[in-house]
Amino acid sequence: MDQAEVRRLLQEVAEGRSSVDDALLRLRMAPFTDLGFATLDDHRGVRQGVAEVIYGAGKTVDQITRIASAMWERGQRTILVTRIGPETAEAIGAALPVEYSELGRIAVVGEGPKADGSGTVVVVTAGTSDQSVAEEAAVTAEALGNQVTRVYDVGVSGLHRLLAHTEEIMRAEVVIAIAGMEGALASVVGGLADCPVIAVPTSVGYGASFGGVAALLTMLNSCASGVSVVNIDNGFGAGYLASMINHRRSGS
Amino acid sequence: MDQAEVRRLLQEVAEGRSSVDDALLRLRMAPFTDLGFATLDDHRGVRQGVAEVIYGAGKTVDQITRIASAMWERGQRTILVTRIGPETAEAIGAALPVEYSELGRIAVVGEGPKADGSGTVVVVTAGTSDQSVAEEAAVTAEALGNQVTRVYDVGVSGLHRLLAHTEEIMRAEVVIAIAGMEGALASVVGGLADCPVIAVPTSVGYGASFGGVAALLTMLNSCASGVSVVNIDNGFGAGYLASMINHRRSGS
Amino acid sequence: MDQAEVRRLLQEVAEGRSSVDDALLRLRMAPFTDLGFATLDDHRGVRQGVAEVIYGAGKTVDQITRIASAMWERGQRTILVTRIGPETAEAIGAALPVEYSELGRIAVVGEGPKADGSGTVVVVTAGTSDQSVAEEAAVTAEALGNQVTRVYDVGVSGLHRLLAHTEEIMRAEVVIAIAGMEGALASVVGGLADCPVIAVPTSVGYGASFGGVAALLTMLNSCASGVSVVNIDNGFGAGYLASMINHRRSGS
Amino acid sequence: MDQAEVRRLLQEVAEGRSSVDDALLRLRMAPFTDLGFATLDDHRGVRQGVAEVIYGAGKTVDQITRIASAMWERGQRTILVTRIGPETAEAIGAALPVEYSELGRIAVVGEGPKADGSGTVVVVTAGTSDQSVAEEAAVTAEALGNQVTRVYDVGVSGLHRLLAHTEEIMRAEVVIAIAGMEGALASVVGGLADCPVIAVPTSVGYGASFGGVAALLTMLNSCASGVSVVNIDNGFGAGYLASMINHRRSGS
Amino acid sequence: MDQAEVRRLLQEVAEGRSSVDDALLRLRMAPFTDLGFATLDDHRGVRQGVAEVIYGAGKTVDQITRIASAMWERGQRTILVTRIGPETAEAIGAALPVEYSELGRIAVVGEGPKADGSGTVVVVTAGTSDQSVAEEAAVTAEALGNQVTRVYDVGVSGLHRLLAHTEEIMRAEVVIAIAGMEGALASVVGGLADCPVIAVPTSVGYGASFGGVAALLTMLNSCASGVSVVNIDNGFGAGYLASMINHRRSGS
Amino acid sequence: MDQAEVRRLLQEVAEGRSSVDDALLRLRMAPFTDLGFATLDDHRGVRQGVAEVIYGAGKTVDQITRIASAMWERGQRTILVTRIGPETAEAIGAALPVEYSELGRIAVVGEGPKADGSGTVVVVTAGTSDQSVAEEAAVTAEALGNQVTRVYDVGVSGLHRLLAHTEEIMRAEVVIAIAGMEGALASVVGGLADCPVIAVPTSVGYGASFGGVAALLTMLNSCASGVSVVNIDNGFGAGYLASMINHRRSGS
Amino acid sequence: MDQAEVRRLLQEVAEGRSSVDDALLRLRMAPFTDLGFATLDDHRGVRQGVAEVIYGAGKTVDQITRIASAMWERGQRTILVTRIGPETAEAIGAALPVEYSELGRIAVVGEGPKADGSGTVVVVTAGTSDQSVAEEAAVTAEALGNQVTRVYDVGVSGLHRLLAHTEEIMRAEVVIAIAGMEGALASVVGGLADCPVIAVPTSVGYGASFGGVAALLTMLNSCASGVSVVNIDNGFGAGYLASMINHRRSGS
Amino acid sequence: MDQAEVRRLLQEVAEGRSSVDDALLRLRMAPFTDLGFATLDDHRGVRQGVAEVIYGAGKTVDQITRIASAMWERGQRTILVTRIGPETAEAIGAALPVEYSELGRIAVVGEGPKADGSGTVVVVTAGTSDQSVAEEAAVTAEALGNQVTRVYDVGVSGLHRLLAHTEEIMRAEVVIAIAGMEGALASVVGGLADCPVIAVPTSVGYGASFGGVAALLTMLNSCASGVSVVNIDNGFGAGYLASMINHRRSGS
């Protein structure tokens, strides 16, 4: 509500066309309306790219299948479905074309878009057990139109394996560094890379790893610049953010 | 500018006693008038009652004095200033009538409103050291137009002292239960009272009290129904909420 | 025991009608007797309203059925049974009229009372997964005689969905804000509402949500005034407290 | 090793009856020998009373049965077996007379001793769900020769139920106060009792009770004097300590 | 006013040596006489023994001095003042006979009572820095009529030093085991002792000792039977409880 | 010595304008030239942009002044100095041109570069007390060649203030969301923004804010996509990462 | 890359034999190449001894069997397989000679090497339930060529049992001290031993042992010199490190 | 008095060069000679080497000076004094030859012993601020007879700096890896080194480093074999343990 509108409202009151109570209510509610929210989509939408996302956790097979079908009927040609088991993927596959990653527990309905980001998203993991989270991140990034390079199982306790990939890391547009246990990978990668590093702690580990807290703290305390952190096991969030960074803004 | 004032202003406009331009100017002079939402004050506004609030922590003596004076000049006749030292109270007192509670580190500028709530707000504390938080709560409630009964130093390890006040607690409209250390007071009071109990953990204690965490957990886990909790040492928040509960809504 | 009684006791001792030992014992036990506890019900009772409550967790199907039947036979016509599965609801239903909410794991035996509170209790949730706790709160409030408005799945990351309900929130007598993960809903709702907000953190989430601790801390630290917090997943407690606030006291 | 012995040792060296190496070794090991450890029994034994204890957790049914039989054959006539299921109790019962408390998951082999302590051990619990821990404590104390009074389900949110037992608590020789959730019972009982209070937090609760941590902190921070705390759910430890306090020392 | 005094007073009334009015006045002069519960002192009263206690923390020098003087005038001949600095002790000493322990920050006003407990209270500490808490415990126990043996600086990393005191520990009526850092002392002492062991964690330490939490957890998890724990640095609580255990009940 | 300079130096060598010996010497004078990795600066180097950074915390005024002077003499024309007090800024200013932000405790030596990023970095704060961290972020971003828009004091409890800036947030290339207490700002901004959001928890708050932990958890659990988190109070890290995202890669 | 190489590179540039871009890339990648990493083995290898290790957790029976067979075919004659169940051991045993410890969940394929360390590795445990971790440590050390002495079930609450082994501990080359619950064993052993003590906290315990955290903190805070700690339940790590210490370096 | 001295003394007795009385007296003058265990020094004794240690924290300048002088008079020629300020070092220096490291807050009285360990102790730190702990470790190791190589300020975010020291690390007999913040150094060093790595977390950092906890967890979770951890900031403990490992046992 800008000045002109407030003036108009006051005029209505002055002319008796609006009651005091009505005007009071409209003044109170003013700041929360007319802000052009039509541009905001329904659910944490994937506004920039070509895919829509269904967050599968806590939804039934039936719910997911129906949402996916509805999207497909509306003309959506790439749909990402996260955190689902093979039975859900199969159910979707009965009606729609679907590709499922059992490791990442993530499916892409329809054809993936072509990679149109500025550069490459490099997904680096410390150990074999981090690959589930890594696949969630990688498939998410691919479904959002990014070229993805996977560099798996290069934990810092065998540094030479990581260093063998120095060039890929140095040439990345954005790196996703995924590690459980001590999570030191993010710092080392952050020191090598010349681009934003998204660190993903995983719940892999035992004892004092506390379900990913140790890795989380390590990553938050990283001395390397350009490192930021997402929630434990949040592969989707990392892939999504990486895609955001890798895509030029439409308006700029 | 509170709701009543906006309503009055609109009435003046409706009755032709105030011009549209004048009204617009007065609305703009209130904070955020460009948003047309004059009822929201500077900081987490006191929309319901008669007082405005200045949160003193982290503000200089000079800043507070100037804000208070500006409010006073705009016609505000009860101003609550929280978390300030005596020197700030003195500085305000040089220009405005002020009453300062050293214990609660809280001041009321101007005359307190008359108590117009449904009933009585009873403030109960476990120990002598909880009185600082208690005074913040009590003075806040009084400044917002509530009758307050103070029942101090009635911790549960000397149960008879608390039980001597059974009647006051049973007749309260809302009880604020304040305790550090083990915080058991909230549960016992919650068992006695027939009304909402706002529990305030305090940072009083040593060792495994962890700066109020022990009391906080105790209160969150209370088996007594009708108990809810605010942040550690948040006397103001408890007093404010108590006043909300004790005042009938304008519209109902 | 007031002065007069002590004097009478001393007189009995002086006159030999009471032994020293008897008097000593009566002096020691004095403060814990004669306090009119008959007004306190058996178990954290629902003193204000029409319903009685059976807390189902940890009780067998048989125990619950027998308690409910006994209450019914005593003439109680609204009985709330919390935290039970469908098999318990069915068992009760064999003998008594019962309505069961599978989502909220809560049942109402008999007919619900008519809503006689001052206004409306608005239950707001951030995500779909918070609805179980929300239903526990909503059904509790309804069974205690409140009109309840449900505003579900309006998390702050899609702000426009919440803002679409601004008017309902502004007109509420009390709001119950339920959220897991980051729990930011309580603060935003607290900023919109003009009435007490009861925040309920839920254990929904993963990683660094720590089973509801993240949401709990967010809610305790809310900068919005009028917000207080109950235990994680404590929908019953929130519904009960909301009803307390929404009902005028008999004596006032 | 006292001075005389060291002198004797040196003399042996001087006289060539002991080699330098031998003497060195004996000097190094000296403080750890000859301390009369024969008086210390095999396993954290129950030295004061009549019962021996088998800690059942982590032992197989077969192991426990064999240990119990061996003790019985050595003439032991009261054997306490803690943390076992009914199948273990049954297995023992095939050969030996046994009484099993399913609630407390504890068994007494043979006949219980007669109660020979100074006074009564009072076991107080806050809620129904704390009874399992309470029975472990009570049966332990009984098996060690104590008269036990059970005061169950008297949580502080229904204070009158606890106060109805004021006299029993005031006449106790030692009180065991058992509570989960907010654990406030220990403080209130500590304020009533005139004797040592052993507080036992239980893992009963949900949300911010954190498996007994909330109750533990409450109890450690108790303002009531004479209260000390044992580990979460440690009913055996409390019963054992209570028996120690309730029995006069042989030497005094 | 302790139980014995109330009994004496009642006896005087019974024997006609005191008038009812006089008795009533004297009961009222005691704290909470309106409750007729004179045996409870000002703060968490010392009902069993001969001393009264002033908890000094958070009280001004002037407040403490006045409370002590008032107690003295009422005839109290042993007064314990905890957690005070030398300047407070000096201020008290200006008017009353006082003995101050700078190490324990605790003072005894008047003459200490003669030790009348069943046996000896042994206070054991792990390191030099734990002596402050130890003195608080020891002086408290002495002021409450116990014979105290101090065994200081016998931490478990130099086991022979502790073992040199095996006999004292084995003959104790109750042991207070005080340790910071890893707190292992309580377990070892608990294994040696045949009597209740009160473990006191201290905030001595650095790094992962977390202000006493490490020692607290160690002590709570002690495998030795007969060990219970009080709050971090709570020397007074340990000394008080030790005295309770060491004194026979009046009525038994 | 940044990449551009090394390239220039190599070009000079290629074109014969610089001798091999000269080039070698200049490479050696740069840090770690024996490693041939001149692009890495002294500490967590700023490889991409025009500024070099001195991390001031834990360095003496003298150390900082000498490092800055040495950089200046080597030809560096923009030097960022973080976490310093005014006295350090003054000391640097005695010899070099310096602009100091007292609020952000950060200084820029020399002239700031012109903003050459893709778009605008928007720095949003919840409260007045978060401005110190915000200025560290904003000045860092500016010194690295970014246009910065400051949107301060728009916490979610007064939502209209934030919504008034919807357009700026929607048009940002990257948003830095800074908040203490409950940290809900990041989620709400993440829901409004169409670009990466870097969340910075601050240590502002009291009670259960635990020095920034509450805000940190809130931010990690944000349901809004595109949100990542840096360490508590790490304004520099956020500004640096924002600049990375806002600048196109040289090679792409 | 040493100075000579940089000079040679510059010369190539000067002579046009290398492009500027090539030179720049080689300078950037220099420090990460040519460091002789060929000496580093594939996976955190067991470089010193005779055995290779397969970390079994998270690997399928089939994967493990194939890895073991491949190693065997390459001529490896001692292979350690950790964290596997009996079915995996059986599967390996179908093709290769294998010895499996069910307690330690660890297998040795082929014949164990002869013990060639400097002295003896003594493995000490507090309780029966710690033996699983102990066997993992002991079998690991044996497979790496160490003589191992097992001293089990000698917790500090029955000190005499531990002291009975004083000589073995004093003569050890390295001691592994394994304990759950309060973990005090490490300190006491550290006080007795004259050699490095590797402390292993175990997740054995209940209540406030928090899955090994209590023991971990105890061990980290040990006052005994020469004690260091590995992760909770990390028997393999302790056995491996013990072997390292017990073996003389080849080059020294 | 170390083992060698006791052996020499016994030899003198055996050879008649010392009388039994003389020997007895000298044994008694050593600490705890009444226990005949002269090899244990005052506090957590240095049994293996040539130096004795005074732990300075919590001791007065005067106490330390007197202990050092007494040791010196008894013939001790290398005395290590930890955690002292320059004024204490000066006070000692007035009477005895002393070398003080202000950085490490540690002093060596007398001449340092010659390095007689098997190999070299390499002390590696991540950042400049870790040097204080590093010097405590390094000076401790030197005073106990070890050759020490310092590799400082080689944190993993600038990996090339660490890699430049690969050879030193690979040739070490034992490595002490010291780091605050994220503590990743230990893992990387553990991957490079072929010898035991003692990890020391430091309290350097801010925000979510929690005074060293983040680094501690990182180090405990290290995937590199051969890594163990000591308490936060415990440089002395690391240096002492390193010396133990680097010295062959006398008896083997």
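For clarity, chains are labelled A, B, C, D, E, F, G and H in written order, and residue numbers in each chain start from 1.
Going forward, a contact is a pair of C-beta atoms (placed from the backbone, for glycine too) under 8 Å apart; a residue touches a chain by one contact, two chains touch by 3 or more.
Labels paired with UniProt names: A, B, C, D, E, F, G, H = PurE domain-containing protein.
Remember, it's a predicted structure, so these values are computed and weren't measured experimentally.
Enquirer: I need the common contact partners of chain C and chain F, sorted by label.
Expert: A, B
Enquirer: Considering A-F alongside F-H, which chain pair is linked by more C-beta pairs in contact?
Expert: Between A-F and F-H, contacts are more numerous in A-F.
Enquirer: So which of B-D, A-B or B-E matches C-F, with over half of the contact pairs the same residue numbers?
Expert: Duplicate interface of C-F: B-D.
Enquirer: I'd like the Å distance between the centres of chain A and chain G, where a centre is the mean of that chain's Cα atoms.
Expert: Chain centroid spacing, chain A to chain G, equals 38 Å.
Enquirer: From the C-alpha centre of chain D to that of chain E, how far is it in Å?
Expert: 24
Enquirer: CA centre of chain A versus CA centre of chain H: separation in Å?
Expert: 49
Enquirer: Which positions in chain D are in touch with at least two other chains?
Expert: Where chain D meets two or more other chains at a single residue, that happens at 28, 30-32, 35, 40, 44, 157-159, 191-192, 207-209, 213, 216, 220-221, 223-225, 231-232.
Enquirer: Touching pairs of chains, which are they?
Expert: A-B, A-C, A-F, A-G, A-H, B-C, B-D, B-E, B-F, C-D, C-E, C-F, D-E, D-G, D-H, E-G, E-H, F-G, F-H, G-H
Enquirer: Which chain H residues qualify as touching chain E in the complex?
Expert: Answer in residue numbers: 32, 34-35, 37, 40, 43-45, 58-59, 201, 203, 211-213, 216, 231-234.
Enquirer: Could you list, by residue number, the parts of chain C that touch chain B in their complex?
Expert: Spelled out, the residues of chain C in touch with chain B are 30-32, 35-36, 39-40, 44, 46-48, 118-119, 171, 173, 191, 194-196, 198, 216, 220-221, 223-232, 237, 240-241, 244-245, 248-249, 251-252.
Enquirer: Could you pull out which chain G residues touch chain D in their complex?
Expert: Residues 128-129, 157-160, 163, 166-167, 170, 192, 204, 206-209 of chain G touch chain D in their complex.
Enquirer: For chain E, which residues are in contact with chain G within the complex?
Expert: Within the complex, chain E touches chain G at residues 126-127, 155-159, 181-184, 187-188, 190-192, 205, 207-210, 213-215, 217-225.
Enquirer: So in the complex, the part of chain D that touches chain H is made up of which residues?
Expert: 1-3, 5-7, 9-11, 13-14, 16, 19-20, 23-24, 27-28, 30-31
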